[in-house]
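Pasting the structures here.
One chain, chain A, links the two complexes that follow: it is found with chain B in the first and with chain C in the second.
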Partner chain A sequence: MSEHAITRRGFLARSAIGAAAVAGAGYVGFEAWKQAHADEPGELKKAGHSLCNSCSSKCGFTAYTRDGRLATMIGDADHPYCDGTLCARGYGYASIAYSEDRLTDPLKKQGDGTFAAIDWDTAYAEIAEKVQKIIDEDGPQALVMIQDPRPSGSFYTARFMQALGSANTYTHGVACNMSKVSGMTQAIGAGDFTSDVENAKMVMFIGRSYADGIRPASLHAMQKGYQKGAKFVMVDPRYNNSMHFCTEWVPIRPGTDLALILAMAHVLITEGTYDAEYIAANTVGFEDWAARVESCTPEWAEEITGVPAETIERLAHEMWEAAPQSSIEQGWRAATGCAHQNSGETARALCLFNTLLGCWGLEGGAYTPPSQSAGKLTDPKFAAPAKPEAKIIGAAEYPLSASSMGVSTYALSQIPEGAVKGVFFYQSNCVAGYSNPVQLAEFVEAAELSVAIDVQMTETCQACQYVLPDTCYLERTEVPEFVGGKVPVVSLRDQVIEKVHPNTRPVDQIFTELAEACGVGQYFQFTVEELGDAQLQTLGLSLEQLREQGTITFPEKALKYAPKTTWGTADKKVHFTSEACEKAGFPASPGWLEPQVMPGDGQFRLIGGKQTIHTHTQTANIPNLMEITKKYGLERIWMNAQVAEEMGIQDGDEVEVSSETYTGTTRVHVTNRIEPTSIYLPSHYGCSVPEQRTAYQVGLRQMDFVPFHIEPGYGGTMSQETLVTVKKVGA
Partner chain B sequence: MTRYGMLINTRECIGCYACRTACQRQNGLEADIDFIRYEEIETGTFPVVGLECVPIQCMHCEDAPCAKVCPTGATYVTDDGIVRVHEERCIGCKYCMAACPYQVRVHNPRTGVVDKCRFCTVEASEDNPMCSCVEACVTGCRIFGDLDDPESDVSRAIVELNAQPIMGDLTKAKIFYVR
Partner chain C sequence: MTAHDAQVFFTISSCFGPASEDDWKACASNAAWSEFLTATRRLLQDERPLSAALAPIAHARTSEPFGEFLSDDEVRALYAPPSFKEKQAFAARHFTGGLPTSAVPVESLYVKWSDRANAAPFAQREGLYRSDVALYMDDLLAALGFELPDVLVATPDHLAVECAVVAALLEDGSNDHARSFLIERTAWLETYRARLRRIGDDALFYLALVDVLLGVRAMQLACTSVSDDEHAA
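Then we have the complex of A and B:
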């Protein structure tokens, strides 16, 4: 519990002791103890700091409770993602603690496919036995872990797998920003950069909306930049909610952003308007790219993108006029992240275009955020298990994929092949979200061992043999979380409410006990609090301090604007050309690469995207959030108004949507906010788990329409490489 | 006199629903009880499009039609201009719902009470942190304060931004909109 609570209790306890001492007993009776530990009914109490779990940003907030229940949440001003405010999901998702659909006991799948509760010891013993059998017969590389990174989850899952001797710890990256991280790494040796949106003169956003997939600090920066008069250009098939702070919408055909970037590069290079000095000093391979984009004229790109040539030319000119206070924002999940066959190459080209602008490291340009990490722990009890010699499965097949994320979908596809025998999931609804759900469920169901750890029954849990109930994020303390930013910080998810369901266990405890059962308990001889404190002590801090403050900044590490002249690549330079890309079958420098599919007559590309109130498939079962969906019809697909008129479809009509893998019906939202070749299906719906009573069967699930396939080289899930037809039901 | 009111700058509103879920958390409301309704207004034809989001909630009218029609006096206007509901006096007749031109009275099927925005944010202070709509708004598009104090942030902003009640003088509403 929080420092504040403890302090107050301590004070009361001391008072009680004082009173007892006066009475001459020197002994605290049960009643006095109970009184000291009782909260005054109805009083608002600061319960401590936590980190939101409604999306991967993990914004810091202060929790206040009333009678032990979460009452008020206040965003922490020092947290670099939160910047003092939370989003709609943060307030709504917190009610997961009290959800009627929580998992409350360990479950084991029965012969008839239903689950029955078992006790923890039995679950551990049975899982450990299967783990041992797999290791004995096939070695530890036949075990796979898939997790959506959270502070404790990241630490404990990787350590557990490493202790067993497996290199196969994956994140959700394939369905998120895998291609972005991987493509950028080829160009600049870093998987992330930040456009200095607040101070820029111009920023082009490609398929990323700060006002839909909200990270409050990013939205604040955008708002400030807009108010200062910056040009913000939104390249997106949809007129998304960020348009409130944008100066121009460029409705592009999805999957063609690479052509736009290449054509803008063509304009700058042929006109000689680029930072030649920066390029000469800090890059390699420029001539190769210059030659490659020679044929990528704006007229050529207009044919592909649907964006008029004069617009492309003007945007290139404007970007250069604003340089170096201009950049293309990195994107996240869509164009550059995991959507298309060319996502990785788009990410690479995007970095190279920014290099032409000479914007790296400069105020108003783009920077790589500084970060702080804990030092090496000297106490032998924290000594890490030896790093497995093997490489993560999929690294050879997808040589450009970031090994920090791993191609989890490929790893699962190796279950029927016999190369993978056991799979663990931690807070990952992989089956519903990472690729085609039918295919993924088949893979998981074929495993000799499958274990999911979560707070509610999911499609992934359903496919597994064992389901272990985690505590929710408000009910546990986690490993400190280091976050990069203009001012890097360390922040803490602390326990702010008591456990609601007595038989749930926090992730650190589950993996510690599971490790014990699997015979590798020697690597887990500490509590999460001891680990956190030890990490913080390496920086002259303590867990107690972090508990009190929630977020501690490292101002001495703050970003200092200066031209960036060393990069994370082997020779510290920006790479217009990449040998690794060439080896993987791509051109040395990025050229045009067609999306895998393009819509023909009567076909549309099915695109996804976040809504402000949901994250992946994890929030749809939250009644506070789903009520908004239902009230405003947010589960509907979007169709361009003119197309709808031609097809005789009206707003609210029931329509049938079909792809090569799936057919489903839903209602349609007819709007001018989408370009004509796209159908937008929000990525949060279509839950097929009856135990999620709020989310079950509301709307359609994007991934049902997507075949199981993987982006060559980069490993992304190609979530938008699918075509659909739409027809009015009954027509 | 103190006369509380609010400004909502729809040019800064991104329609993210944070005020709704924060309000529910702050006021302990059930999932289907919403004090804030959203009107999303799309204009234009592809590709020239406009978008406005207008959050609507109890306007705390000086001439509150809901208070006038309430047969039990459950809905009343406080001295500082906040329209409130005595829960125990409300008989759930829904007259107020019919009378409200903004359609922001909310019937709670479980308690029978017809509820609404309470301008709870008036209680927010450093000692009493709140995730009210005003405090929680991600873009800070709401300003709350005393309309009778010409120096208050809200009074100044209303003048500066020419904010207007959504239906003019109809009910002497105390939420002013920048559109």
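Then we have the complex of A and C:
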């Protein structure tokens, strides 16, 4: 060999066994290896329990591996959201672990706008330096964290921000269920309730489809209720996939659900068919609401909603006849969640209508699910940082918004104003999904510091200066997750496969190390396993037990049907009137509030909504799921058949869709399954990140058409307050 | 021949894989690089199995220029190996995952994930890490008694590892195995080549190396008279 040649094997080291091996001994060619494994496939091993990450529900499952790779997943029977079944997106999303598009190293944006890998120590040091500068010059309130809640993410992000002295930890709420939680809190002092669908005689769903935004347990309950003869009414501009279990579709003009509820309340109150006894004992302000809905006749509502007056009247009668085994289901992201200027008030009215039915806490009615939480940790190493004195940015401007979620979009809008200088994102594609993407990207790009932590490049990552690679959910152990339900549980996302990329790090490690770099490491002197075990020990459990079982139930806390007489409001009563709402400029009790925009001639309201196989923009880059999209043309917009005929548009035509903010082209699905004033655009598509090779440029993105605006008082993103025109391409 | 042939694969392994600054400087020094180029050219040109001695008469054959095997741009790039800093900068942009310009040299990403029974629902997909090839490489490395550094342990089907294995087999005198392994484990480079080409001129050096490997593979296939289909992974 030449004197210049590399005389060593580089990185390839001989093990002790190898050093003694005979040259070439042990060599097997690939085909022979494959044949040997075909004859003797690796053993299917139970790798442990985890929680799905394909949506926010986090269904529990048991993972099985073969040769260290994920082989299959079986839903855990005790988990209250999955009830033993995972959905299609859950199975499909698991491939993210092995995806080519995974981020593998910390990245820093270069001068030309592209990214290049850097090492972790450099990333931490640079980020910490900027954090310190911001705190020194503007105080910790100039820092903002936005995260889509996951067990460890929720704990570590909030603790990190609190350690720095900032109150500004936000969730994805503005683009999800913020207005629902906030509106309901004003009425019943709780942000959630559950319709007892399985045992009900009648449930009205308003803009919520269990079969599309799936929690398998909810769908199971719907199926059981349907089989027992329950009447399920779907109030939705679209004939959605839950119609399989519904007895009636009420195609309503989007944004007018509040009028429908007020009119049904009018019917019950004027006819005296409501639970006066319950109301007298457990509520305040009924007279105010009764007076307010006096003018809200079914005929009045017909003009607004497009639902015939006799249908409204009949539905009100049927709801009362079925009471107390009836309720309006709470909704989630659409009518009550974040879609309209009146979403918060719709949520409030919805709770009050259910109160008329006297259904609270009764079998077949609606209940607030019992829950269990960990006790206080006494070991000093878990002591929390002092709570910042300041309030979360946006609380004053949107006084009805739930502080547990916060108005993240408003916080970002304060970057150009100079009030916010640094922003962190954890597993949040805020830029693509929370409001107008161009505007949000501009906000983020103007920050002095912007950091995103995720598993793949997103629009949000793209807008940031630093991108830190997270492990995927199958590769990490997280803080125990407490979940309410008829029987509350605690469950665990445990590591079930080895890290595919050695240079990725789990969220607990990232924030622990980042805290150390920022000088607040004293609040993170424990591992996630120690934390989880300590939390469980307060309940007489252990991490070892939870690892073994995956989900542990608390039967002693199980729901017991009984009229609910104590509420989470200050005086423990249901509030037909709210001083806070009045202060925020709303009527004391909810009355009619028009949507911000209404379609005129040639205009449509653009509505969104989940499809069975996708979760917002998160799953669009999964090849198996996108293949289904393409096979069935699921990225197409929906247009009412009669309207399409009048416009000379046929199924499959290429059309141009325009709003005040964006114009794009796509194909159209002409159908009778949508009411005439709406155009439906599934909210999963239009990815603008070339790094997501599968999702890139498939379909249109709903939020591109939505201007940057915020629901007054409540803080929702008003995702459906946008008008579009549609024309056939080439016409 | 064995030493020279092995050196080619060790050097290519160092180009695609991790190397300290000192190691890279030694590898890319004028003298070492010149020897690498000479050995590489012989490997492309000589009609012989890996590490086999050339028939005496064949020594009389004139050395063919690289231009017979590579484009002019590739030849120029091959004659000017990157500095350590340039090598690091390229890796930071292209050998990291998740970017539009990523060209991670891991075989799994360019082949079907698995055709084994009872595999995951996405088993028939391409573009996924830890394919059957990775499992095979895990087993093979263990059987041959090799250990990988942490940075490569999850990607045993990294091109750098595959080249290092060829070199190690040659050094061990397992020439037939080296040849067989090379032919099996470089079929994916046709697809990878297309990925590198999308990067443009910045990737010419690495494109040239890939073309070298494909050229050597073609020669080895010809020498062993085994069809490409039989060896397709």
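Keep this in mind: the second predicted complex is superposed on the first by the 690 of 731 C-alpha atoms of A that agree within 3 Å, B and C clash if a C-alpha of one lies under 4 Å from a C-alpha of the other, contacts with A are read in each partner's own complex, and residues count from 1 in each chain.
Rule of thumb we're sticking to: a contact is a pair of C-beta atoms (placed from the backbone, for glycine too) under 8 Å apart; a residue touches a chain by one contact, two chains touch by 3 or more.
Predicted, not measured: the structure shown is a model, and the values here were computed from it.
**Q** Just to be sure I read the superposition right, which of the two partners does A:A641 touch: chain B = first, chain C = second, or both, or neither?
**A** A:A641 sits against chain B, while chain C stays out of touch.
**Q** Does the superposition put A:S99 against chain B (first), chain C (second), both, or neither?
**A** In the superposition, A:S99 contacts chain C only.
**Q** Looking at the overlay, does A:A117 come into contact with chain B only (first), chain C only (second), both, or neither?
**A** The second partner, chain C, only.
**Q** Go through the superposed model and pick first if A:Y561 touches only chain B, second if only chain C, both, or neither.
**A** Neither: A:Y561 stays clear of chain B and chain C.
**Q** Tell me the contact category for A:A71 with respect to chain B and chain C: first, second, both or neither.
**A** both
**Q** Could you look at A:P690 and tell me whether it touches chain B, chain C, both or neither (first, second, both, neither)?
**A** second
**Q** Show which residues of chain A both chain B and chain C reach, each in its own complex.
**A** 44, 70-72, 91-92, 94-95, 623-624
**Q** Name, in rising order, each residue of chain C that touches chain A in their complex.
**A** The touching residues are 3-4, 7, 10-11, 13-14, 17-19, 23, 26-27, 29, 31-32, 34-35, 89, 91-93, 96-102, 104, 108-109, 113, 115-122, 125, 127-130, 132-133, 135-136, 139-140, 143-154, 160-161, 164-165, 167-169, 171-174, 177, 180-181, 184-185, 233.
**Q** Given the complex with chain C, which residues does chain A contribute to the contact?
**A** Listed in rising order, the residues are 1-2, 4-6, 9-21, 23-31, 33-34, 37-38, 41, 44, 66-72, 91-92, 94-95, 98-105, 107, 114-118, 456-457, 469, 498-503, 623-624, 690-691, 693.
**Q** Would you mind writing out the residues of chain B in touch with chain A in their complex?
**A** Chain B reaches chain A through residues 11-18, 20-22, 24-26, 28, 30-32, 34, 38, 40, 42, 44-47, 49, 51, 53, 128-131, 135-139.
**Q** For chain A, which residues are in contact with chain B within the complex?
**A** Touching chain B from chain A are residues 44, 62, 64, 70-74, 85-92, 94-95, 211, 214, 216, 219-220, 223, 239, 241-245, 249, 251, 612-613, 623-628, 631-632, 640-642, 671-676.
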